[in-house]
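What follows is a set of structures to go through.
Presented sequentially are two complexes of chain A, the first with chain B as partner and the second with chain C.
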Partner chain A sequence: MDDLQLQDYPQARVIRLNLGRLTASSAAKVLTRVLTAGAGAPALIIDLSAVEFMDSTAIGELVVLTRRLREAKRPYCLAELRPPLMSLARLMRLERALAFCDSVQSALTRFEQPPTQG
Partner chain B sequence: MTAGACHELRLEIDSRLECVTPLGLCLHTLARQLGFDDMQAYQIQTCCVEALNNAIIHAYAGEPGHLVSVRWHTQANELLVEIEDCGRAMTVPPCEHEPDPEAESGRGWWIMRQWMDSAEYCDLGERHYVQLRRSIGEA
Partner chain C sequence: MQILVVDDDTWMRQALVAMLSSWDYEPLEAADGEEAWTLLQQHPVSLVLCDWMMPKLDGVELCRRLRAADWPHYIYVILLTGKDQTADLIAAFEAGADDFHTKPVKAGELRVRIRAARRVLELEQALVARNQDLQGMNQALAASQARVQRDLEAAAEVQRDLLPRSAAVGLPVRLAWSLLPADELAGDSFNVFAFDARYLGFYVIDVSGHGVPAAMLSVHLARTLAPEPRPDSLVRRPETPAQKPTGRLRFGRGSPSSRAAPYRPPVEVLTRLNQSLLNDERGSLYFTMIYGILDTSSGQGELCQAGHPYPLISRANGQIDRLGEGGFPVGLLPDAEYESIDFYLAAGDRLLLYSDGATECFDATQQAFGEERLCAALTAGRDQPLEPMLQAIEQALRDWHRQAAPATTQAPGFDDDVSLLAIERE
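Right after this comes the complex of A and B.
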């Protein structure tokens, strides 16, 4: 199975990371591939439900990835972090810097909404 | 403290990042055997991985072929983990401040200090180690 699984919806492309671990040894390469795989999509939903472990280097690479997405004005969401990883994200107050969603479905719903006027 | 658990162990890996993951899994299992719940074991694993990564990335500048060792032991109701290298010593004390959420790096020591009872750096000249402590009583 490929470690990146893509599924397109009208409002977004879901990229599922089929990796148990996102760590210093792999994160930079994997997330560069995520960026490439998301090219041309209206929005990106990065499904992290399969990721059981992440270290701080991988978090740093996620910050880099999301910064690039913001600079490209590409909406994104990190979806379905497992509870231990969400606790790590909260410890780092990452919810201030990164966009999280509880589920892929809720992220799809979020991106369905038309932009607000004004 | 759980009877039959491992109370004294030394593990060694080569200074390659790909060696850290299997060692981290091993440490998670050892923590569970001491009676820590899954979340606590995950926290201990994460802190050890951060210290191991630091040894490889900073002390050995990412160069393979060097030894990183882990001494895992318990005394009284406390777990002590010492992650040792013989590379370049840390010259700047670890940051005490909460990292900026937008920062690309600099989170390792913060995680270790939040999730362990203490995390200290010891410089013994040619070798150095990070000592992590966590009470087993809360497990």
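Right after this comes the complex of A and C.
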């Protein structure tokens, strides 16, 4: 199975990371591929439900990725972090600085465009 | 190429020598195995054309003796004989012959057999040359690795020198610490120091990643956070008032009484560090940290948590208090705002700071040691003096991690640096 799985919706592209561990040895390469894979999408939902462990370097790389997305004015959401990773995000206050969603579905709802009038 | 012809039949020997000379080889001749053996010691012979049946030492015995000896190069042996039974052929090959040629010798066939032997010998020589090259490269690599290892050990020594030298800081506190690096060099570091006869400064740092870059940053931070009075000191106020602050000490940025204290408030220190690291474009490292101050005379303290695990206070009555609600790591986000956390240590209370290498120390089932077990270990060691308590926590972590290592492993290394720093107010 490819470690990145893409699914397009009208409002966003969901990129699921099929990796149990995201560590210093893989994070930079994988997250750069996420950035490339998200090119052209109206918004990006990064599904982290399969990721069980991230080391500190991977966390840093994730923050760098979100910074690049923000700088490029591309809406994004980090979805379905497992509880230990969410605790780590809270410890680092990342929930205040990065966009998180409980589920891919809620992220899709967030990015839904209001129907255009007339 | 030198070829040794061994045959007790003079006519046959001379015929072979003539043949070889006409093919531009350098023939040597011996009348039996013993004479051949002597010549082999004296000349760099590559190929032996040897009769089977000879007096003193026959062809097969010569083969055995030749294979049992240690030669600097391979010697190819073609046995010449009238025997052509399969059993004879097997016996000759088992003795170490490489080829077999039945008498009477046919010049054309012998010539191509010698050419085939030459190809084998050339391949063998190329292999020897390549092996020598590889051995040379291996030696160079081993020397280089030894040099890197020596450098790493020297760097690790420098790192150890930056840890607190003595638990005696001249203040009414007891201190204990432990640093268990995952590699030679650690990304974790800590220090405890006295600003004056009243205020204790302390920090623990966990630089993201491992190895040399993380260690270099931790060494740089140790220098940056050094408490020695210098105009550019990050932790000490540039001008320390001579008079002591009066009244109850209040912590926090800009509080009137803290202006008189010799230190910069932790929030200011972390804010400056964050800006400084983000302005440095040389690397992408960041770190988590706790930096704090303790007024050892009143027990009032103030610390700042920057993405580092929650500090724990073990109260004298057995209660465990967890401090903080998280905070931004240093060097990750611009404009990160830090918060001051006030705490109080009564006499006998213990403050424990630790890196995530402790709580995220995994056993064989990938279960983390976790904060609960750490709290339990802290409680269990409550009646012990500070240092044995810390040693017991360290042992609990080692035991937990040892389950993850193969049974044969004597001293399993941790996956991440583990640092523990305990402060007890007397």
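Please note the rule applied: the second predicted complex is superposed on the first by the 112 of 118 C-alpha atoms of A that agree within 3 Å, B and C clash if a C-alpha of one lies under 4 Å from a C-alpha of the other, contacts with A are read in each partner's own complex, and residues count from 1 in each chain.
Simple rule for what comes next: a contact is a pair of C-beta atoms (placed from the backbone, for glycine too) under 8 Å apart; a residue touches a chain by one contact, two chains touch by 3 or more.
Fair warning: this is a prediction, and the values are worked out from it, not measured in the lab.
Engineer: Once both complexes are superposed via chain A, do chain B and chain C end up clashing or fitting?
Structural biologist: Aligned on chain A, chain C clashes with chain B.
Engineer: Given the superposition on chain A, which partner contacts more residues in chain A: chain B or chain C?
Structural biologist: Touching more residues of chain A than the other partner does is B.
Engineer: Contacts for A:Ser25 in the overlay, against chain B (first) and chain C (second): which applies, first, second, both or neither?
Structural biologist: first
Engineer: Please work out whether A:Ala50 is in contact with chain B alone, chain C alone, both, or neither, and reply first, second, both or neither.
Structural biologist: In the superposition, A:Ala50 contacts neither chain B nor chain C.
Engineer: Thinking of the overlay built on chain A, is A:Leu4 touched by chain B (first), by chain C (second), by both, or by neither?
Structural biologist: After superposing on A, A:Leu4 lies clear of both chain B and chain C.
Engineer: Where does A:Arg90 make contact in the superposed view: on chain B (first), on chain C (second), on both, or on neither?
Structural biologist: Touch partner of A:Arg90: chain C, not chain B.
Engineer: So which bit of chain C gets in the way of chain B here: 62-70, 98-106 or 404-412?
Structural biologist: The one stretch of chain C in steric conflict with chain B is 404-412.
Engineer: Which residues of chain A are in contact with chain B in one complex and with chain C in the other?
Structural biologist: Residues 24, 55-57, 59-60, 63-64, 84, 91-93, 97 of chain A touch both chain B and chain C.
Engineer: Under the stated contact criterion, what part of chain C meets chain A in this complex?
Structural biologist: Touching chain A: residues 206, 208-210, 284-286, 288, 307-310, 326-329, 332-333, 336, 356, 368, 416 of chain C.
Engineer: Applying the document's contact rule, which stretches of chain B touch chain A when the two form their complex?
Structural biologist: 16-18, 20-21, 24, 38-39, 42, 45-46, 49-50, 53, 57, 98-99, 101-105, 107-108, 110-111, 114-115
Engineer: Would you pull the chain A residues touching chain C in the complex into a rising list?
Structural biologist: For chain A paired with chain C, touching residues are 24, 55-57, 59-60, 63-64, 84, 90-93, 97.
Engineer: Over in the complex, which chain A residues touch chain B? Could you list them?
Structural biologist: Of all residues in chain A, those touching chain B are 21, 23-25, 53, 55-57, 59-61, 63-64, 67, 83-84, 87-88, 91-94, 96-98.
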